[in-house]
Amino acid sequence: MAETSAEPLLKLESVHTHIGPYHILHGLNCEVPAGELTMLLGRNGAGKTTTLRTIMGLWQASSGSIRFDGRNITTLPTPDIARSGIAYVPESMAIFSDLTVRENIVLAARSGPVDTARLDWMLGLFPALKRFWNLPAGNLSGGQKQMLAIARAIAEPRRLLLVDEPTKGLAPVMVRSMIEAFRALKAAGETILLVEQNFHAASQLGDNVIVMEDGLVVHSGTMSDLVADKVLQRRLLGLSLDAHQ
Amino acid sequence: MWLLSSDTPRSLLLSLILIGIVACLFAAPFVFSGSQPLSTAAKICVFVLLVASYDLLLGYTGIVSFAHTMFFGIGGYGIAIALERLGASWESVAIGLVSALALSAVLAAIIGLLSLRVRAIFFSMITLAVASAAAVLASQLSTITGGEDGLSFQLPAELRPAFRPLADPILGVTINGRILAYYLIFVVTVVIFLILLRIVNSPFGRVLQAIRENEFRAEALGYRVVAYRTAASVISALAATVAGALMALWLRYNGPDTTLSFSIMIDILLMVVIGGMGTLYGAIIGATLFVLAQSYLQILMGLGSTALAGIPLLPDLIHPDRWLLWLGALFIVSVYAFPGGIVGHLRRNRSP
Amino acid sequence: MSDVAADAANPPLLPRSRTDWLPLILVPVLALAVLPLIGDVSSWVTLTIAGLAMGMMIFLMASGLTLVFGLMDIINFGHGVFISLGAYATLLVLGPLAGWASANSVALNLALLLLCIVVAMVLTGLVGAVFERVIVRPVYGNHLKQILVTMGGLIVTEQAIHAIWGASPIPIPLPETLRGAFVLGDIVMERYRVVAIGIGLLVFAAMQLLLNRTRIGLLIRAGVENPEMVEALGYRIRRLFVSVFVAGSALAGLGGVMWAFYRQTLTAGMGMEVMVLVFIVIIIGGLGSVGGCFVGSVLVALVANYVGFLAPKLALISNILVMALVLIWRPQGLFPVARR
Amino acid sequence: QDIKIALIAGKTGPLEAYAKQTEAGFMMGLEYLTKGSMALNGRKINVIVKDDQLKADLAKTLLEQAYNDDKVDLAVGTTSSAAALAMLPVAEENGKVLIVEPAVADAITGEKWNRFIFRTARNSTQDAYGAAAAVPATGDVTIATLAQDYAFGRDGVAALKSALAAIRPNAKVVFEEYAPQNATDFTASAQRLFDALKDKPGKKIIEIIWAGQHPLPKIADLKPERYGIEIAPGGNILPAMQIYKNYPGMEGAIYYYYAFPKNPMNDWLVAEHQKRYGAPPDFFTAGGFAAASAALTAIEKAGGTDPEKLIQAMEGMSFETPKGTMTFRKEDHQALQVMYHFKVKAEGKDQNDLLDLVDTIPADKLPIPVRNKR
Amino acid sequence: MLPAPALETRGLTVRFGGHVAVNDVSCRFTSGTLTAIVGPNGAGKTTYFNLISGQLRASAGQVLVEGADVTNLAPSARAKRGLGRAFQLTNLFPHLTALENVRLAVQSRAEAGWSFLSIWNSRRDLIEKAEAVLERVRLEDQRNVPPSALSHGDQRKLEVALLIAMEPKVFMFDEPTAGMSVDEMPTVLELIHDIKQRGDATVLLVEHKMDVVRSLADRIVVLHNGTLVADGEPATVIASPVVQEAYLGLEASDG
């Protein structure tokens, strides 16, 4: 990981998470430097989703600390964590299917009407949303729901974006839009923590990378190092970049 | 194990409690003296059956119906009308029971086919209206049903208190028709309970659970959801009808408040929840506890209230006339304290 | 992005689904259709106005339930006791201000009614808050447990009413000037019913405004579907849920006051007695739809009056008949609220 | 050995108020009659009170328990007619006396009667004869009835019609309106009633036969006086009759109103009740008192509690009650009593000062038919 | 005359208000082939599946299974005719264990649902079959875990397991690998490959990963705005301009 001198925007220190009787995170340590895009990789069941949910306070860390922007947010209730400037795109997308696309986005813009320039930019990225603007979001296709989930998270500027597998179910052309969007957001100074299985997409985007296995971080460093090191790729992810598109 | 359809209680304490209850019910006429304990035991049997049949619907199939008492009532009225009209004979009992079962099956199938397609909560409310319509009907058809007053009738000679099949008492208890009637109820309850237990543990029972969990997916797997639900409703209605018939046989009376009233529906719900939904054994525990409480709570409260006389407020609160207050509190507490019912609680303690 | 993709992805905007007028026309059509059957115009007017007013009172009693259900997906079987509680709350006002009721002044009488409504709404709102906190909160999302728990709450509250105000029915006076009727030729309009129509329309309009013109409605609907996500968007959904529940209870209280003055006798079970009717109305309306509840109430009350006049034998089942017919026509109620 | 009496009443549920009155009246009756000693002929009186929650099956079970487990000598009850009817066979099976109070259904001393049943409460037919007796005896009288659409309402109307035929042949029932049992809106019913009566000559009366929430104000608010129509309601418990205040001059019949009977027992009851409960005794208080009096008078007369002797003693027995002297008719064991023709007061002193006495109708002016098959 | 194809749609169309989600799609699928269905998001792929398997009613057109019209049958009846379906958004029985989930599918196949009086836990035949299926998707260790406690990727595998357990004639996979990690993917792809190799099954596969499509598909059908716009050999279809631009989003063939 980049040896930044300044304190990272988000920092997890020996975080343990239990869900009911199951012990999922076993003392997670990681940091997300400000202004950069950090990828969180790992096999199915490694604990990536659990990590994001723990940060959001949707699951309570049983021990350890989570610091965001110098503040300890480990035990804050979820709304307060969100209000401190974190947006979250869950794996399940959690679209409000009764509400129209417009209403979904209206809700996401907490501080008032969505800035028109930003809205235009978003709808340019995801034109399908414009077409279904006034229809219930439950009727959207799988990929369209994914777009809406992202649009909801970026409807207003936030300090930190937690995104769980955004490219899942997206057509290649949309994956490109998505990558474009994250680039633009990063350029606008937002920090992003991205969980991704699509290593191809990941490799184009990430500045840093964290790899998890069985509830622990097994590797962290810069993306360029990982892209260059085929052996490491095979060891950590089971496949090399070449074998996959 | 075969008898229990390999669905054992799965907890030592639970097994002991169940064995205790069944043993007490079996020996009730000999162990307890007086008519109150026997009435209580008979009522427990009837409600075990009724609650178990409702659990098939609610716990296993996830259907919230408020029309279950309607079938209970049909059973009761079937017996009552037949015995009152056709005289106190076993043929009348058979005719009454069979016609009640037929009517229940048809009604359950119609309600199921017509309305099990709609949203669950919608269905519940429709059944609420249907149940109230049934009560209105029973009251309107007073020439047949006795209206609000209900029907009192005589039982076949073998079940009357005066019938003494044996000259000598057994274990100091003279066997009479009343005791025979009790054992009739007990045996029918046990048999039907075991059948229900088998059904919920059969492949059919699992399909019902699957439908409860995700009806959309069950349909996609090739199960006709409406047909399965309707079948479950019919089975459950039939068992409830039998329970109603037993109730009427025991009371030698049937009326709207006895089998049709909404408060019985509430009692059933509470028994299911206290015992534990989706575990037929819960029906035994729930019904036993509840009927005992209902029979003895007022007496206990009366004792408590006189004992505490003098202390302000407290005697008022546990005055026997305020027993409903405590029943209400019981509703709330039971939902919280035993989210999985008593059976769920006992089973969880066993396996961490 | 290439032109092809842009074109393909830029078809015209789809319109929002249109308002459904059919159920709204139903009421006037029905009213006109029975006119020839009744024959006598003055009887028809009398029955129609009385029915409208009764519909408003039913709506006031049912609206809170459908609001709480529609927004929060909570089925409150204890709703009836809030109606009773609202009714009993009038005693708090009528006790000290008995003079206002017997005074022969429209202003004073109406002020009294208003005061009763305010007191009742505050009281039922408070009890509603306690209800939500203690009873309902832990069972969000589970209809069955909601039914049980609220039923328990109902019994406890009803017993509390017994304990506080006694078991005997309590007569209450309808304020002097609201008694009796306006007579125009052969048409009679009870004064109180005219007041009820006014209040009913007012509440309906206020609810529509609040739900459709603010984001509160959205937020709650979203919160019911996925409270976690709403919290992750930064909203404190709990507080909102409490407020909706309180509002629903307060509306029940309002309905209770109106119902109390209509019946002029208070019993602890009076709220429970109307619950089947209330349920029928909200089923007809389409569970959770305030507009549907409004139309459903008026429909049920009008039909009850017409049938009661034309074929009293059928009056007993007229409600269930209306429900059955509506459900055959629209199995999800007049204005189905999409969910799941 | 104690004298054991079971008192069964629907103490919880919608009629809680009725049951409370019965119980209070019964206990005060025992107290008065035993002069506070609660003992008779040296035997202590032990009352076991049971709550049947208005449920017929429970009432039946409780009565069985009372006879078998508690070994009571006789039982008194209960509030609901359905429950009382279910109790009747139990008395017969156990061969013990049951005094029915305050259930009113005719069938109790009619077709469902057995010889162990006595009733101190009035029955529906007595109410009907009372109502008929309050109708003017001369001139044209046209009557329409409003009743609930179930057995109780229909029987009530039938009873009224036969009572009118028996004692008021000048009155004709021209229209019968039946409203749903749980009706709340009476506009349609009222319209139909008015249409039926408005063009008729002479005195025009709507007789209301109703159990529960009374439709009187709803009908009255629609101004029947426009057509010269009067309303005649029946008697009821005091809280329910307070609505009458708004319609002074209205006439009807009632079987007990605390200010009407003049006898020492009633004087004591009114004074004592006012002192203890802050209100005058009501309908069912007097009933409970009467039941206590019937029981004690019978035991005294029979010289014990043997059921057969009790029955013998009670058939044709007269006993004193706050309602005046009552007599168990030999044929059907129904106690006969006076009725009162009342008129609603214009200005009462307080909230319970409601009625003026128009006339006392002695029991022998009420030829109540005997309906049991003996 | 040629034997009827395993599955055929004729003029299949569905409209939602003003929106035509699937527009007059006619297509035949013969057994032993794997057809990939591709298209941009919202093209109507899932909707097409819904129409075939009966979750949606068609506004027009027909669905035929081995020549028999099933357009008016309920989803359950179509499943009995051999139409099997896995869902894009995971759709399982959340509180039953993984094994029971699969067992329900096996049982449906074995037509044992209406058996009232046999004991489910002693039906070894069903259990063994279900366990075999779980092993094939490598979920045997999770057999007693309910889906609600499985990670997303494992839920996807279970979804596939259910479909396999149904042993249908027509397999419809809706993005089976979405959210699956790269090292898990081969398991599922091999499974699909095996089904295809068996020769008697018809496989329809919706997939956005072009390398997967390339390696598995015998034929590619392209949907765009609900209309069938291309159909043929994988190589030709992928090279066609409509796929290159509207789907892959490439200006020229550089992929």
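A, B, C, D and E are the chain letters, set down in written order, and residue numbers restart from 1 in every chain.
In this section, contacts are C-beta pairs under 8 Å (C-beta built on N, C-alpha and C of every residue); 3 or more make two chains touch, one makes a residue touch a chain.
Being a predicted model, the structure only gives us computed values, none of them experimental.
*Asks:* Taking each chain's centre as the mean of its Cα atoms, which chain lies farthest from chain E?
*Replies:* Centre of mass proxy via C-alpha means gives D as farthest from chain E.
*Asks:* Can you tell me which chain lies farthest from chain B, using the average of the Cα atoms as each chain's centre?
*Replies:* A
*Asks:* Could you grab the centroid distance between chain D and chain E? Build each centroid from C-alpha atoms only and quote it in angstrom.
*Replies:* Going by mean C-alpha positions, chain D sits 75 Å from chain E.
*Asks:* Approximately how many whole Å separate the CA-defined centres of chain A and chain C?
*Replies:* Going by mean C-alpha positions, chain A sits 44 Å from chain C.
*Asks:* Can you give the whole-Å distance between the Cα centres of chain B and chain C?
*Replies:* The answer is 34 Å.
*Asks:* Note the residues in chain E that touch 2 or more other chains, in rising order.
*Replies:* Within chain E, residues 17, 40, 246, 249 contact more than one other chain.
*Asks:* What positions in chain B touch 2 or more of the other chains?
*Replies:* Within chain B, the residues that touch at least two other chains are 136, 140, 324.
*Asks:* Which positions in chain C are in touch with at least two other chains?
*Replies:* Where chain C meets two or more other chains at a single residue, that happens at 1, 5, 9, 11, 14-15, 17, 316, 339.
*Asks:* Provide the residue numbers of chain A that touch chain C in the complex, in ascending order.
*Replies:* Listed in rising order, the residues are 56, 58, 77-79, 82-83, 88, 90, 94, 96-100, 103-104, 106-108, 110, 127-128, 130-136, 138, 152, 173, 177.
*Asks:* Show me the residue ranges of chain C that touch chain D in the complex, using the header's touch definition.
*Replies:* Listed in rising order, the residues of chain C that touch chain D are 43, 46-47, 50-51, 54, 162, 166-171, 173-174, 179-181, 183, 188, 190, 192, 262-265, 267, 269, 273-274, 301, 304-309, 312-313, 315-316.
*Asks:* Looking at the complex, which residues from chain C come into contact with chain A?
*Replies:* Spelled out, the residues of chain C in touch with chain A are 1, 5-6, 9-17, 215, 218-219, 221-222, 225-226, 228-237, 338-339.
*Asks:* How about chain D: which of its residues touch chain B in the complex?
*Replies:* Those residues of chain D that touch chain B are 11-12, 16, 51, 54-57, 60-61, 64-65, 68-69, 81-82, 85-86, 88-89, 93, 105, 107, 112, 149-152, 181.
*Asks:* Where on chain C is chain B touching in the complex?
*Replies:* 75, 134-135, 138-139, 143-145, 147-149, 151-160, 163, 276, 279-280, 282-283, 287, 316-317, 319-320, 323, 327, 331-333, 339-340
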